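Just below is one structure, and these are the notes that go with it.
We just call them A, B, C, D, E and F in the order they show up, numbering each chain from 1.
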Amino acid sequence: MATYDISTIGEGQIRFTVNSGERLMFTRSVSMNPACSEANVAGLLAQLGRNALWTSSLPKGDLGDYILTEYRSVGVDMKTMVRKSGGRTALYFMEPGAGPMPANVIYDRDWTSFRSTGIEDYDWSTMLDTRLMFLTGITASLTDTTAEVVRYAADHAVERGAKLALDVNFRRKLWSGERAREVLTPIAEEADVLFCSIADAEKVFKITGTPEEVTAELMKRFEPEYVVSTNHMEGPYLRTHEGFTEYHTTPVPVIDRPGAGDSFVAATLHGYLSGEIEEGVKWGQRASEFAITHKGDLTRIRPDELHIPLGTDIDR
Amino acid sequence: MATYDISTIGEGQIRFTVNSGERLMFTRSVSMNPACSEANVAGLLAQLGRNALWTSSLPKGDLGDYILTEYRSVGVDMKTMVRKSGGRTALYFMEPGAGPMPANVIYDRDWTSFRSTGIEDYDWSTMLDTRLMFLTGITASLTDTTAEVVRYAADHAVERGAKLALDVNFRRKLWSGERAREVLTPIAEEADVLFCSIADAEKVFKITGTPEEVTAELMKRFEPEYVVSTNHMEGPYLRTHEGFTEYHTTPVPVIDRPGAGDSFVAATLHGYLSGEIEEGVKWGQRASEFAITHKGDLTRIRPDELHIPLGTDIDR
Amino acid sequence: MATYDISTIGEGQIRFTVNSGERLMFTRSVSMNPACSEANVAGLLAQLGRNALWTSSLPKGDLGDYILTEYRSVGVDMKTMVRKSGGRTALYFMEPGAGPMPANVIYDRDWTSFRSTGIEDYDWSTMLDTRLMFLTGITASLTDTTAEVVRYAADHAVERGAKLALDVNFRRKLWSGERAREVLTPIAEEADVLFCSIADAEKVFKITGTPEEVTAELMKRFEPEYVVSTNHMEGPYLRTHEGFTEYHTTPVPVIDRPGAGDSFVAATLHGYLSGEIEEGVKWGQRASEFAITHKGDLTRIRPDELHIPLGTDIDR
Amino acid sequence: MATYDISTIGEGQIRFTVNSGERLMFTRSVSMNPACSEANVAGLLAQLGRNALWTSSLPKGDLGDYILTEYRSVGVDMKTMVRKSGGRTALYFMEPGAGPMPANVIYDRDWTSFRSTGIEDYDWSTMLDTRLMFLTGITASLTDTTAEVVRYAADHAVERGAKLALDVNFRRKLWSGERAREVLTPIAEEADVLFCSIADAEKVFKITGTPEEVTAELMKRFEPEYVVSTNHMEGPYLRTHEGFTEYHTTPVPVIDRPGAGDSFVAATLHGYLSGEIEEGVKWGQRASEFAITHKGDLTRIRPDELHIPLGTDIDR
Amino acid sequence: MATYDISTIGEGQIRFTVNSGERLMFTRSVSMNPACSEANVAGLLAQLGRNALWTSSLPKGDLGDYILTEYRSVGVDMKTMVRKSGGRTALYFMEPGAGPMPANVIYDRDWTSFRSTGIEDYDWSTMLDTRLMFLTGITASLTDTTAEVVRYAADHAVERGAKLALDVNFRRKLWSGERAREVLTPIAEEADVLFCSIADAEKVFKITGTPEEVTAELMKRFEPEYVVSTNHMEGPYLRTHEGFTEYHTTPVPVIDRPGAGDSFVAATLHGYLSGEIEEGVKWGQRASEFAITHKGDLTRIRPDELHIPLGTDIDR
Amino acid sequence: MATYDISTIGEGQIRFTVNSGERLMFTRSVSMNPACSEANVAGLLAQLGRNALWTSSLPKGDLGDYILTEYRSVGVDMKTMVRKSGGRTALYFMEPGAGPMPANVIYDRDWTSFRSTGIEDYDWSTMLDTRLMFLTGITASLTDTTAEVVRYAADHAVERGAKLALDVNFRRKLWSGERAREVLTPIAEEADVLFCSIADAEKVFKITGTPEEVTAELMKRFEPEYVVSTNHMEGPYLRTHEGFTEYHTTPVPVIDRPGAGDSFVAATLHGYLSGEIEEGVKWGQRASEFAITHKGDLTRIRPDELHIPLGTDIDR
């Protein structure tokens, strides 16, 4: 029996967010929170009772400690964390926007420790001791070194009998569609659960069509157990070997968007780990709806909150 | 001529509210405000120029003083306040929620001074010197002792020739429908104005039907002068001996919900005290709409604001 | 070639704004920002790369300095600023309102320095050295002295060959429609660009009808090059000698309203100065939409933001 | 028996205070609180259980209401309040300073309602129904009209058998020493308790010397029952017909200075009203020390806090 | 080899703290933080690299979760935590005071889950698997049940060969000196390290004299390995079998006092666990000095910060 | 006659500061302000009425704009600003510390635009059109490229007849004393005013002794017109050809330290530019005392505030 329910690897970052009603060019204070797509997934699964391991590589000192404190507070295991003496901590700045003013993200994540941390730096015997390995295109996109690390994790996890989940999560500012296809194709082919939005399917894999068609083509090409997808505000969609399900979503007011997709992935995987991914996708919808009602990339949620009936008002 | 326009009794509380965008499980500051359904009614009536007396029983010390300061600031008379040396001050915590995340209320109001304060502790000669006695199911629900106090207030106010208004205000977490029916029935039978929502009519009095039918049945069963009701976001409804009126409400963005119902009751009673309850219900709608635009259980309103025409934008 | 692209004159003020969710009658802190319709126009044009001069008259000391710091920070030229030893600084208080609770503005702008500063106090040789003179009804409304100043600026700018833009911007609390018509008619007759809302056309010039009719009548009566108008949330409208254009606007969530109209005017004039007022009106729409998403009367905007395609979401 | 223990008259103001660590010329929010030297005295006495009446004249509307809410919240009786339709509300701005940077106060209190409210506007039968009339040089300094009001209050209170307390409280920016001497001399001659600092004794009455000499000369010249004085951070001093007492003060960290002097006066008068002014001066020291530990002009204090032994640390 | 370096038991609480410059009776927001003397000790030791177990009993739900999140974030192991369905969470309110205004603490910690949790509810096999058991008089003081729990922990830890540290930490508001002596004497007799202030030695054990005498008497009476003491701001003192050492402390500005004593104890025990308690007391001084510079009961400190030379200024 | 009174060059940065009472490892918001030693000097001189030019090289976009807005708001001329398409903006993080907890600075200023901007990128004809060129060791320390820029500026300014001021401002974390000596010696030899602390004299130039001796040796070695020095909290010292003056400083409470040294330099140079450097050093003391009372690296000061007599309290 594996020690961990889920093991994942990704770069810890710090987000600085301009307050609502202010502009970055004229602000005097910003909110600050730890961020990491993969750690967000581990963090929500830990809150839901799963044994979750997150591995990263961070500089020694306060900025790195800052990120660890957040994920440790919800019970993520970080015993495989690599701490480096040099290098930067990844940062990003966000102006949230409102109405027709779009959110504006400024990345400052070059020259970081994580980018140069290679296969040989990690403790694979611990990292691979898991029921499920969760990997993302974000980690793979950063450098050739991180692409190798992701490939290594995928190959060896599968070899050890773990399940593999891949979230394509394409970011135009980090790499090209061509490079993403080249790096992610062999990993997708090993994946048991493939998360890929309709938009990313086109940008990375050049697959177009209706959601039903796109997920069918992803299923055909990579042969995972499940394909999970979304189409902007529409969906989510679940493609299994048995068929295709479209779930209905209603729009939700946004207080803080980052992390909503990670919460969707985490709660879906929570269902998958219990053998009920159909239920998991519903939990994922609910988790992502809750995620945008509070600040921070990591969603804070109690397990029972996934079961609150829709339309519940104040109870007293 | 009675000294007070209105006299009421209820437990003062303190509310701690999580800031928008935060979760209770991870916050570092909360807003804090005095709360009390009955005092909110007295407080709005005082702002509208009525002579209003609120009676409660609170522990000596800062937490009790805190509650009194708020209601004193709008001119509520509290000369009958009982201060006890022991006991707790009632508290409650609220996470406001947003979108599909419902508000979450955690009560911490057991073992309080008010629960054990009995008929013999109060200054009835002052409390009964009023044109209108206002009582609620909340006060009656807390303990047998407070139920007796409410019954005593109702009986003796009526005996002294005062009018009686009862707000059923059923709270599932405080008592059962059966117990509520048992305690409130004799008081409802004495009431001149009965506030009872369509939902509470079913839960407490097992009356179901359309709003027109439910209010008719309430009128028939308890024979008040007026029945005032609401049905979630619909209504309000006014049932008089002459007939049934339904008022039209439009939805309003919510900044802070608690106290809106109390403001509705208060402004309706303001009309009742002037002999124009039909107008009062309209003021009540307006007062409850304004109530949710600012924080705190007590609504802060200038008398002339009840008369702002709907659809008024900024005037300069 | 004139030194300035635009020259304008108007009274600098300070706004105190009650925080959302609070009421003025019970608040303990207010936000504070410099304000001035004319300086807002100059300030946005300066951000868009125009050479903009703003002239005012302010008391010496911190309150006056406070206003200058804001507009200097975006590059407005203020070398013609008059500083007086006596008099008050104009203030106003705003409760923003929400939903059915309208915004409430309390002016405290009597007995100010600007009201008694006359033609002889200003440095006209610099102020008139401009391609475009921008004047408003607000400045003209304050006192007979300021009305004379506006008239002098209009007459001499035109005499020197500058273009003239007039924003009628009628404020009921500052003067009557009759007085406005008397003062503004000769200036409107000199104007090359006339900004006048459908509502102001009626209140000031007694012109009624559809937007197409009203702008046609304004064009006929005052013979400017362009008439630019709006009708509450509808419009904007552009009337040229060639015809009439109605632009389509979609509603936008309001975080802070003051200054949106000024941003519309500024970006429209930015187009006018480039010989493409039709494009300018579109920029104006966009600028005014952005204006209400952040606090302060002065809109903070980067030139490239005028060109963000509608419907852009976060890009990363 | 008189209805009130103390009756006083003075102008309600609003203070805007720059946050610590910021400068007025570059701030974006200010704290805001009601202020009034005379109301502060009434407000502390009300908290100490005295029946206190404060009379002022304020414009109708939110700014005036704002001031009343504060003093009503601690139980000051304001039934004689005059509300005017025109005129301004007195304001002042304060930069608190730190270390060698002195506090900076900018008054904006000209053209206010209070300045033109005369003897005929007030309800003297209620205002004079008091054991003690408390008057200050600040009220007398504003205009000839307010000087007449103060003189009228003094003369008629004494005539009705009330005691009279005068706080000289000289403000260089409001009037000259000569004018103060002329106006205050007849009032000081009627006073039972005279508050006059060593510095004010020189500026107003041209009395110099040691504190012992100055208070002796004040006693000789005006023949009150008591002279109470301070000398910057030294003192306080109490001069009775029996002799001279100097109290020892230790320096206290300042969080917010305004109102400390008023708290000293109030607690001293609390002792005077109980026939133990010697004890009252000690309470005054304590009250003024506590006053500067929290924000706002009105000191918030529980009666038992006057009796906390010096040197008490946290008790738990 | 034991699993834990330290194991401790105590009641988790939540502290609500009035902001500096405000008074509880008139505030609108309070800061909020988890608190627990024993968990603070475990939490600092965890940050210093020790394997620390904290056991408590808390109600299910958000308030209990809130406390756990804090201590989990620094790596405290809480696998023995008891969660109950009923009962209250312990709260306390603090007005920090300033200068001569002492801090004011209001406890609201009656009727809590922890008070009724008995020996049979805990997982002793895990809790006793430790090198050092740390117990306090606070836990012992709450009820007879908690006194039994503390006694059981002491007896069985010693029986299992663990070391025992006792912090007397007498709280007058929680129990009497007599009861404390009765309960704590047998535990002190088993202790290897005894923390007892000079004041507590008198109040609990009736031992008076100079610090040298008091610690000698404590050593003689209870025969621990070490006695560690303080005398208000003086000390600390270390009494070993070899002799007596007095350490020199300099006063430090206080931003937030609670938790400083716990940090002293924790860092001293850190030294004890390494076999160098003399060094540990120095670390304890440093840790407690740092503790009061930041908010919260739990001190946040990096291991290397214990070694910052005194007098270090900014390094850049 | 030169266009500018002062011209300087240095790297614009952004500072993120942890709030007082919080720790970086656990904070959720930080204050944010522009920073740049050389721009701070230019910024204070601009406020004092000098024509000041600051040159830097910053990336295009919001982070660069952010820095420019600050210095533009006080009137610094930045027409020679270089904006680059790539590269980072220099950042630094500061935990302010308190009492024995020293301030902690974390630099994140590698890989910035400024570091690779060379002599050929700057507009020297404008930059050298100045009465005084002001240069610092900080700019010289960053890379070989920036060292060349500083040397070029010094040589050509002197060649054009400008005066030269050098602030050694040694930063251990940026370069070694040996490299500093090598780079700065030829510049110091050209300088008219040399700012060098007693500590830097030792670290960079290996000069030790009393302040009188050290400044004498600096004067002898580099032959400037003036040597200005400080010794931690002592001094300042002025060495002229006529002799040595020591000024007396009193300690001041620190709210925000960064920028105090720059304010000292700026006000001293203000005196130098007026031919009264002795007076300037006094202004410098005052400016640096004021600097630490408000937040931000740039000191905000009115010219008349340099003349406030020491010991002035509130004036009203």
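One rule holds in what follows: a residue touches a chain if its C-beta (ideal position, glycine included) is under 8 Å from a C-beta of that chain, and two chains touch if they have at least 3 such contacts.
Which protein is which chain? UniProt says A, B, C, D, E, F = 2-dehydro-3-deoxygluconokinase.
Everything quoted here is computed from the prediction, not taken from an experiment.
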Partner chains that chain B and chain F have in common: A, C, D, E
Same or different residue numbers at the chain B/chain C copy interface, by half rule: different
Geometric centre distance via CA averages, chain F-chain A, whole Å: 45
Between chain F and chain D, distance of the C-alpha-averaged centres to the nearest whole Å: 47
Separation of mean Cα positions, chain E and chain A [Å, integer]: 40
Interface hub residues of chain F, defined as touching at least two other chains: 25-26, 28, 62, 65, 69, 73, 104, 302
Full enumeration of touching chain pairs: A-B, A-C, A-E, A-F, B-C, B-D, B-E, C-D, C-F, D-E, D-F, E-F
Touch list for chain A against partner chain C, complex: 20-23, 25-26, 97-105, 107, 171-173, 257
Chain D - residues contacting chain C, complex: 16, 24-33, 61-63, 65-66, 69, 88-89, 91, 93, 95, 104, 106, 108, 110-111
Chain D contact footprint on chain F (complex, rising order): 73, 250, 252-253, 255-256, 286, 289-290, 292-295, 300, 302, 305, 308, 310, 312-316
Contacting residues of chain A [partner chain E, same complex]: 62, 65, 69-70, 72-75, 302
